[in-house]
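Look at the two complexes coming up: chain A is in both, with chain B in one and chain C in the other.
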Partner chain A sequence: MKRGISEVSHNLWPVASDAPSGAPGRAGPRRDGCGSGGAGSTSRELPFAGSDSEKASGPSPERIEHLERLALVDFRNREGVARLQAAIEFAGQLRAVDTDGVAPMASVLEDRCLYLRADDVVEGSCAEALLQNSQQTVEEYFVPPPGNITLPKQSEQGPVPKS
Partner chain B sequence: MLKGYIPPYNATVVQKLLDQGAVLLGKTNLDEFAMGSGSTDGIFGPVRNPWSYSKQYREKRKQSHHRADEDSNWLITGGSSGGSAAAVSAFTCFAALGSDTGGSTRNPAALCGLVGLKPTYGLVSRYGLIPLVNSMDVPGILTRCVDDAAIVLGVLAGHDPKDSTTTQDPVGPFILPILRDVSKLCIGIPKEYNVPELSSEMQAFWSKAADLFASKGAKVVEVSLPHTSYSIVCYHVLCTAEVASNMARFDGLEYGHRCNVNVSTEAMYAATRREGFNDVVRGRILSGNFFLLRENYDDYFVKAQKVRRLIANDFVKVFNSGVDVLLTPTTLSDAVPYLEFIKEDNRTRSAQDDIFTQSVNMAGLPAVNVPMALSSQGLPVGLQLIGRAFSDQQLLTVAKWFEEQVQFPVIQLQELVDNCPTFSQHEKLGLVSLKR
Partner chain C sequence: MAAPILRCARPGRCWSLDYRPRRSRALFAEPVPGRVRGQSSAAAQEPRPGAHEWAAVVGLEIHAQISSNSKLFSGSQVTFLAPPNSLVSFFDASLPGTLPVLNRRCVEAAVMTGLALNCTVNKKSLFDRKHYFYADLPAGYQITQQRLPIAVNGSLTYSLGVGAQWSPSATKTVRIKQIQLEQDSGKSLHDDTRSQTLIDLNRAGVGLMEVVMEPDMSCGNEAATAVRELQLILRALGTSQANMAEGQLRVDANVSVHHPGEPLGVRTEVKNLNSIRFLAKAIDYEIQRQIEELQNGGKILNETRAFDEKLGCTVSMRDKEGKQDYRFMPEPNLPPLILYDAESLPVAADPQQVVNIDWIRERLPELPSVTRGRLVEQYGILPEHSFVLLNEDGLLEFFQTVMKETRAEPKKVIGWILTIFLGYLKQRNLAVSESPLSPSSLAELLNLLDSKVISLPAAKQVFEELWQNQGKTPGQIIREKKLELLQNQEELEEICQAVLAKHPQQVMAVKNGNQKVVNKLIGIVRRATGGRADPGRIKQILEKQLQ
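After this line comes the complex of A and B, so read on.
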């Protein structure tokens, strides 16, 4: 696998780490990602530039770590990395499709009005039922461990651990 | 991830059935978070196809000199709603609900000899359905005959204020007329669905079905859906991207599994999700996050959305050219043994098995698997009918006609036959489950 930032396109280090979630659905917990805040991604004139170099060598360990921090799932073993590599290659087939002048489609119901309900409370007051599903609660609070502590960087730990 | 979770509310589709007096018999097994096409990747283990134990299958096995009572070579149900399919197929219940995002209701329906209906996106409420791909998911209906599916659809369809993606237009009723004359019907056969991986037996059944329509006076034409070959890749990107977002809610804090790590919130989330999700789910989340990275967003996610429009437009063009219903295979072949199926990983299998069902979800159209006949192995094969958006009633009417024509046999389960001597007199029972 390639190592070292200088060998990899600067496109791999975006300024902010938030992955835009294109789908409706509750946003995940906020996190600050890499922490190192590398060089901003300034050029878009090379589509797939990042993935071309990645295609050749597979996603870099920095990339894997970045994704893991965003997703908060770890999959750093060889099998996981291979899976990701295969998924990226598979998705590369989309390049072959000519989509000039085609607008993206987010929903098949795009030509209909979607109505919102009136902002009136019609049900709820079931705090007890909801709290019962949680493993740690105090009175009417869900209790997480302390926040504002970022995950420790794993990249210093060296080669990919065995699966 | 949902260990110990007891939902504090009912999904709209469940509530509607309960309100009509349905008796809930239980919850069924599936691939974890509906990711898979075999129902082999769930925490409760893989699902067995009841047809593995059928007289029809076992007799064929004996004929080809295999041991008929081999228990280790049981067959998969297909997936991801395999548990629901197994339950209905084995006469455990009248009907079962599944979900359909890429074919997860139609696939097991085909392998278990059932009617598997994917309603039009927007017809049935998704409130209470754990979202996989919000813009493609629908609740699916599994029954033994088309009339039963229509009954269930009649209960479930309609606007739900709790799901703003349900249509406000009036729907139904879904009482199916008996179609006597198909001469005004135009059946489309998409040529791109004739893939090399399609088994020759399935191909023959598909031809036979087309000929059946033609022989009864329907117009049968070849049509083209040119972007079919890209639907799996497109789905791969859109699905993983939406999964990455939708799975973010599972953090162990408010419900479900929670690990013992208490160092920090992030560490707790990460460990909980590592323990709670299987490899398939984690793989998809990671891929999805990759495609959603700022520098990849346009090239992968937006690109896939554009390809989606092309796929949806293919269908619109075909239906606008006078075709009423499309006729395609549902699966590549009949059910395969579990030991055979697990030789390839989940993503490979899904990519292979979703080929006929997936683009329907892209376009949000209604589609139904209708069991047609038994294969040379004595196992069910089914065909898929696809209709225009919101033409579910017409689609089911055609399906019912087809069902009547092919007279798919009832499963003969050894134990039932042995213990109940009157069973053979009631073979027709399977076709009409509700006598009014």
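After this line comes the complex of A and C, so read on.
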């Protein structure tokens, strides 16, 4: 499940100086106050809840490690971490929108009806087909790869973050 | 005593503690090593000089498996025993391209449970993803309702001390913080021989109702009673079979201790509780452990502990990885769940697509508390009797079957059922369903007793015989053992006369005014008749003959 940020399409990650293209999608009453949008985050302060030093110079090595463990993503090298910072800055453009008094949108589907299914048994009984997907099985059980292996530490000495 | 309201903010949990008068809390005085003392709900005790009191706070998180044919978001079957991975759909196995489709029955079950627990049912609730990696969670996240659950702010009332210790003042209430719908995970089996884990996804995706109880309880007994009452409610509603042994009801307890008047202590979470009895034991053990730890100058860590049944203690399950970050996010594939009531019901709605809270409320089955009241009224039994009847699985049905087939008074029947019948069961550690005695047999026996064919002691003998379950009816046993009451007046008088003749000293004593000796004589006559004479009649005859 490891995937690097570099796999993501370049088009989604603008360089910090690009002006944002304005609010995506709907022009409903909710989004009225954001036509022009911000001018991109010109200040280097990164918009996330980190320590002061992180706000200035990006996520700390401990936080990178923490994120890697949480999401099983490998940032792999300095370029990967730089992309992470660019992603954070990109998301920061949302702060330009004034959302005071506006209820957060739950989902783009929120005007749809949630379909309710009748309580009938219509699926299952396909153990053989499912087990074929697994590299290893024992009788009719899946055998997962061994879990809880500690990920290799980064070259810099970073203590395991404790909350 | 003043009633300060303590508020304590803690990461992830914030509750206010309404400090009630000491009477209704279980307080632990400075414990004698190895024992918990002072657990009393009686009037407040004066603090012993030097004694430092502790108060314990217990909150519960209960997961009840919804009783439905299919799973919460897929159409695969929900059942207990099945070949591994045979009840798994592509969605349950988290194959790409699959989407969740909500099961209507699960929504109804959650609404019913919410209504039965006096909750406010949210007309709009939302689904979220809770992320963590574990082999039995194929998607890497669980769909749950973290932001806006389906029901909030309810209450559950329970009564402490069933049976002999029941007292009307021991009724307590615990607040229900919320009820939410969520998915169950699969099962992992550890194969130690080959050092690997085996995964069975049959349980993955089964609908759960998580019931969060506020920390209004203060000891294992209260928590166990509250869970028992919840079990009875869920079974009465039919929304969950709530069988702890089969994993349909899982309880995690949050336990902390503090000195009254001071802020709440650090809490630990106790998991792996497989029965109500162990639940009470584990909580009481954990309370005691925390008190001892703090008294010895130690600290309580905010950790998860498992209950070891064999050792009767809790052990730390602490994961060295640090606190989990679940990265909650809205479930993008599910719109909000909208529920309706009679007022808001859209006119031309497809009934299959619409859940009407009022419609469900009108059709709620009878709840245990109502059943108990009805039994008291219908049969004229005491409230504490109705508690025992409901508390023991199958006992109520047994009682009602006996009542249908017997002429005897309910009060007499209750006496037999609760003292003799239940006593026999408990002594041999049997459930009502395992009773060798059928309700019809007991009904027949009680009829014979009621029409004075046999005496009470004889009836007890017959009961013992019936328990051996040799296929004989009460009538047969009575005939075989010649237990019928001696009805013949002349015969009785003869026997009494003979006894009096044999015991001249006692006769003298009675004539001199010693009434107690009469009872002795009655006993002798009874033995002479082989227990086949009604003591009342013997007394009558003797008294007549002694004049």
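Note that the second predicted complex is superposed on the first by the 85 of 163 C-alpha atoms of A that agree within 3 Å, B and C clash if a C-alpha of one lies under 4 Å from a C-alpha of the other, contacts with A are read in each partner's own complex, and residues count from 1 in each chain.
Assume contacts are C-beta pairs under 8 Å (C-beta built on N, C-alpha and C of every residue); 3 or more make two chains touch, one makes a residue touch a chain.
Predicted model, so just to flag it, every value in this text is computed and none were measured.
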Identify the partner contact of A:Leu84: answer first if only chain B is touched, second if only chain C is, both if each is, neither if none is. first
Quick check for you: in the superposed arrangement, does A:Val73 touch first (chain B), second (chain C), both or neither? first
Which partner chains sit in contact with A:Leu109 here, chain B, chain C, both or neither? Use first/second/both/neither. both
Please determine whether it is chain B or chain C that touches the greater number of chain A residues. B
Could you tell me if A:Val121 is touching chain B, chain C, both of them or neither one (first, second, both, neither)? second
Answer with first, second, both or neither: which of chain B and chain C does A:Phe142 touch in the superposed model? both
Considering only touches as defined above, state whether A:Leu130 meets chain B (first), chain C (second), both or neither. both
From the superposed pair, tell me which chain A residues show up as contacts to chain B and also as contacts to chain C. 70-72, 106-109, 112, 114-117, 126, 130, 133, 142, 144, 146-147
Chain C partner contacts - residues on chain A that touch it in the complex: 1, 66, 69-72, 106-127, 130-131, 133, 138-144, 146-147, 160-163
The residues of chain B that touch chain A in their complex are 4-6, 8, 121-122, 131, 133-135, 161-162, 164-165, 167-168, 227, 230, 233-234, 236-237, 240-242, 244-246, 248-249, 251-256, 258, 261-270, 273-274, 277, 279, 282-283, 285-310, 312, 345, 347, 351, 363-364, 389
Residue positions on chain C within touch of chain A in the complex are 11, 68-70, 74-77, 83-91, 93, 95, 101-107, 126, 131, 133-135, 140, 189, 191, 194-201, 320-323, 325, 327, 330-338, 352-353, 355
Which of the residues in chain A come into contact with chain B in the complex? 11-12, 14, 16, 19-29, 31, 41, 44, 47-48, 50-51, 59, 63, 67-68, 70-75, 79-80, 83-84, 86-88, 90-91, 93-97, 99, 102-109, 112, 114-117, 126, 129-130, 132-136, 142, 144-151
